[in-house]
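One structure is given below, represented as structure tokens, and several questions about it will come after.
Chains: A, B, C and D, in written order; residue numbering restarts at 1 for each.
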Amino acid sequence: MKQDFLDDAVKRNRGLISQGVVATYIPELAKVDKNYLGVTIAYADGTILSSGDTKIRFAIESISKTVVLALALLDNGEEEVFKHVHKEPSGDAFNSIKKLETEPDHLPRNPFINAGAIMTASLIKGKDPVDKFNRVLEFMRLISEDKTLELGEDIYLSEKKTGDTNRGLAYYMKGQGVLTGEVEDILDVYFKQCSIYVTTESLAKIALFFANGGILSTGERIIPKKYAQIVNGLIATCGMYDQSGEYLDNIGIPGKSGVGGGIISPVSSKKLGVAVFGPALDEQGNSVAGIGIMKDISKELDLDMF
Amino acid sequence: MKQDFLDDAVKRNRGLISQGVVATYIPELAKVDKNYLGVTIAYADGTILSSGDTKIRFAIESISKTVVLALALLDNGEEEVFKHVHKEPSGDAFNSIKKLETEPDHLPRNPFINAGAIMTASLIKGKDPVDKFNRVLEFMRLISEDKTLELGEDIYLSEKKTGDTNRGLAYYMKGQGVLTGEVEDILDVYFKQCSIYVTTESLAKIALFFANGGILSTGERIIPKKYAQIVNGLIATCGMYDQSGEYLDNIGIPGKSGVGGGIISPVSSKKLGVAVFGPALDEQGNSVAGIGIMKDISKELDLDMF
Amino acid sequence: MKQDFLDDAVKRNRGLISQGVVATYIPELAKVDKNYLGVTIAYADGTILSSGDTKIRFAIESISKTVVLALALLDNGEEEVFKHVHKEPSGDAFNSIKKLETEPDHLPRNPFINAGAIMTASLIKGKDPVDKFNRVLEFMRLISEDKTLELGEDIYLSEKKTGDTNRGLAYYMKGQGVLTGEVEDILDVYFKQCSIYVTTESLAKIALFFANGGILSTGERIIPKKYAQIVNGLIATCGMYDQSGEYLDNIGIPGKSGVGGGIISPVSSKKLGVAVFGPALDEQGNSVAGIGIMKDISKELDLDMF
Amino acid sequence: MKQDFLDDAVKRNRGLISQGVVATYIPELAKVDKNYLGVTIAYADGTILSSGDTKIRFAIESISKTVVLALALLDNGEEEVFKHVHKEPSGDAFNSIKKLETEPDHLPRNPFINAGAIMTASLIKGKDPVDKFNRVLEFMRLISEDKTLELGEDIYLSEKKTGDTNRGLAYYMKGQGVLTGEVEDILDVYFKQCSIYVTTESLAKIALFFANGGILSTGERIIPKKYAQIVNGLIATCGMYDQSGEYLDNIGIPGKSGVGGGIISPVSSKKLGVAVFGPALDEQGNSVAGIGIMKDISKELDLDMF
């Protein structure tokens, strides 16, 4: 891919920004300039292609769920993790609670809906919530190959303050006997993991890491290939919640979005990772212009898995 | 009714005790002797008929929801209360959460399922949780005409400790924007109201109070007749959760049970209140022998509303 | 009650008609003049009080479910009937299907939601659908003390033609193994029972029959008292579908409505039956002016059960 | 891949047969010998590798849904088809009805759950049900490159006789106004499409057709590449109903199963199609030994998409 194409893609899709709005459920997200737009592609050979606002830091939000799942797998093994959370698309909204009641085992359907991500966060090892979060942060720095990643304290405090639906999910799971530990401690890790500031460059590296089977650009293996495949497969089926099928059909590659405006797409067949940032969101909470760029890239590079 | 009949009813239904078990979700309830069995009928003319273990104190649990609803009506008026909670049977279990998600307004279906009772508790006036609970306790003392009612501190602490499903309900409602205030403060009132120690005598007086349209045995009116009718009507349709229809059909009068083993039945057509206590519960969490006694009394006194 | 009061009630509530619309799902109902309004009260002593359009014939629709339940009880006994349908309010809309899937036993929640009424119709004895319906019609003539009741052929054909949601309910129940027999045969009885033309006078007699414990005005007992009580109790808790609680609270007596504009209220404590007819329906499908009249009568005659 | 490996895979997985049972909901399926086991791999270059019982004819059942979707796309275009059915995993069982009620648009979640497949069948063009089915059969013969495919009359009659849950789904959708046409006519096409007798060889050709972007082995394009991608994508996310996530994770390629014992996996990255036949089913209704063979092949040929 040439730089030109990427620059054009950013230009071309900038027009979509007006169709979206920034997330407003916390002031920190509402303050973000909706006109940011950037994209980075990271290849296994070390090539990095970037265009647009790729140095701007934004909250990783739900994209962190992929990273925490990988660490939970590393900490506990596949068998143990999937005793606590299923791998099936839920067919429901990201913060849905009803299946926790109606499914006989009361377990969350997958690690990427909020209930499942809270469950996954509860599986991270560490002596206390601070230690657990630090392990998450260090792991994210490692696989993004970006030592500068930091917690966005302001985002975190806002998430914590307004996270009552997540508290509802967590306490309900605890009440059903399926979540273990102190709810506020678990949520503290969860709110913090969502509040890490990233750039499209760090995210593209994370996407590449998964696409490349769990190997850093140095060639160092960090997680077994199987764990990377699990993460990629779940991104494909559950990454966009109840819009996952639409995304997979329209773009043809797995995608995991965050309400901060980021989307990552790990493409294992081509050993590359794509990340976009565009805080203007569509009604489903996905970056409108970001999806446009993803579509263009997928077509240009013939990424469609099917 | 003669004392003989009541004594016989207690004797006759004692055989059912072996079919039930005491509630075990908190140690304080699990320790209660399952063989207790008592019944009191309170008439508007001041007559009190009692038989069996009618001086034993036990936790009022869900029966408190009727009292707190009455106080919430007094504090806020009918219109305001029913902006926050509906009056419809839910068709679901007492601690069900799914309709809070699936109903477009996210409001609890009625004040007697847990979600609705927590909502009702949130409507009690007072400067802080302690003040609010004291108002509940004083109101309960007033309408039970029993100044000795006290909080069961041990029950309360256990309820608070194990009440995660209720926390889930409350935080989820708060997250949906329908519950206002600090969740732990609201739950503090709720857990305490459930932990008041009562006897069949105090409960029969409460049942009579509602049956008699909100008037004490002194003739003093405490709440408008309409509020008492609302409470009675809701007991009829929602008092036994998803078994309300069965109870109404089998016994023919409204009934509100508590997991502590109590059941009250206000009978407005005859201006009397019945209360039973029998901690051995059936699978639905209702006193097995208590229901037997209620059935016998209803038949003997021809109480069937239909 | 004096005739004057009744005449005034009709006049007073006529103003509500403009707030409602006639049912339009079949042409035969859509053609009915929305300005009709009538009421009849039938007392056990034979007194009949009527005012307004009490000679106009209209489709009984869902009110027939009470009559067919009584006949099913007579044909099969209480135990057998309630092996096939529960007695609990469903908390869902009249034509809801979801609980047929989600409840472990796949049985309808009560005999007054459509699924339950179809089940009840399937329990009527007879050698073929024609015979079964004739038994329903004869039974309805008997308890309404109105030999002139007839099937509305046009209504029936329209119901049959447009009854696909009901077919969905019936086939789904058959597929779950809980409904026995030929679906179209069962639905034929069901569509016909809904299409019987009645007047407020015939309906008031039906209401009185149930209120009076299953006895005709001649004193002849037709069904055991217990069966009448079952019907009355279910009308109280499930008669207005997911608005039953509101009706019971606002009017204070059981009520069963039909989309043809009728409502019956059996009042067992006073041994009287009330029926109204007003085809202008509110959003829930209940007669707007009819509910107004019911409210006035309940207040005037002090009928509130609670 | 060598023939040896395939022969070994069949041998090795034969041991799993004892863990499964044949489908029993219709006698024709119950009569099938559970010990059959066969596999065929079809490559775009025309190579066919087969092992085991690859000449045995069995009912295609739900695998037909992929073929009918392709024809519906060809008949109506993508935009029109997806006005009638979504592309999202449902999170529910294959014959679930509840989302048809609870989703605001009442449309089936995807074309592979029964409700969605019935909807898709209703979109096939033709002057009558016989014509429509003949078009399906001809299309299936075309893309399987097998002119001998025939309707299994006995299977079809049994499916038709016992298909009441499917009738429930169809009539309910018609009642909601989302399904157009005569239900029995639509179901006639649907029951017949499920009753076509196939072999692993014909199925492997169908899988290859989709994997190869809609091109026959002759090089002739039959459907646009986009339609093949849609089918492949939906197989990936919805092919195994509420077990789709597990299959994708364990095998790493899309899979669509049928209760007749078949499974197809189109693998577009390698331009090959795999089909297995093993009528001994696991609890989820998928071929136990067939899944074993798929797993072995995926590993040996490094097919994992992620």
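In this text, a residue touches a chain if its C-beta (ideal position, glycine included) is under 8 Å from a C-beta of that chain, and two chains touch if they have at least 3 such contacts.
These figures come from a predicted structure and were not determined experimentally.
Considering the contact criterion stated above, no chain is in touch with subunit C and with subunit D alike. Compared with subunit C, the chain whose C-alpha mean position is the greatest distance off is A. Measuring from the averaged C-alpha position of subunit B to that of subunit C gives a distance of 32 Å. Separating the CA-averaged centres of subunit A and subunit C is a span of 55 Å. Taking the mean of the C-alpha atoms as each chain's centre, subunit A and subunit B sit 47 Å apart.
Along subunit A, residues 102 each make contact with two or more other chains.
Here subunit B touches subunit C in the complex through residues 86-92, 99, 109-110, 228-230, 232-234, 236-238, 242-246, 248-249, 252, 254, 268-269, 304-306, going by the rule given at the top.
Within the complex formed with subunit B, the residues of subunit A that make contact are 95-98, 100-102, 163-176, 183.
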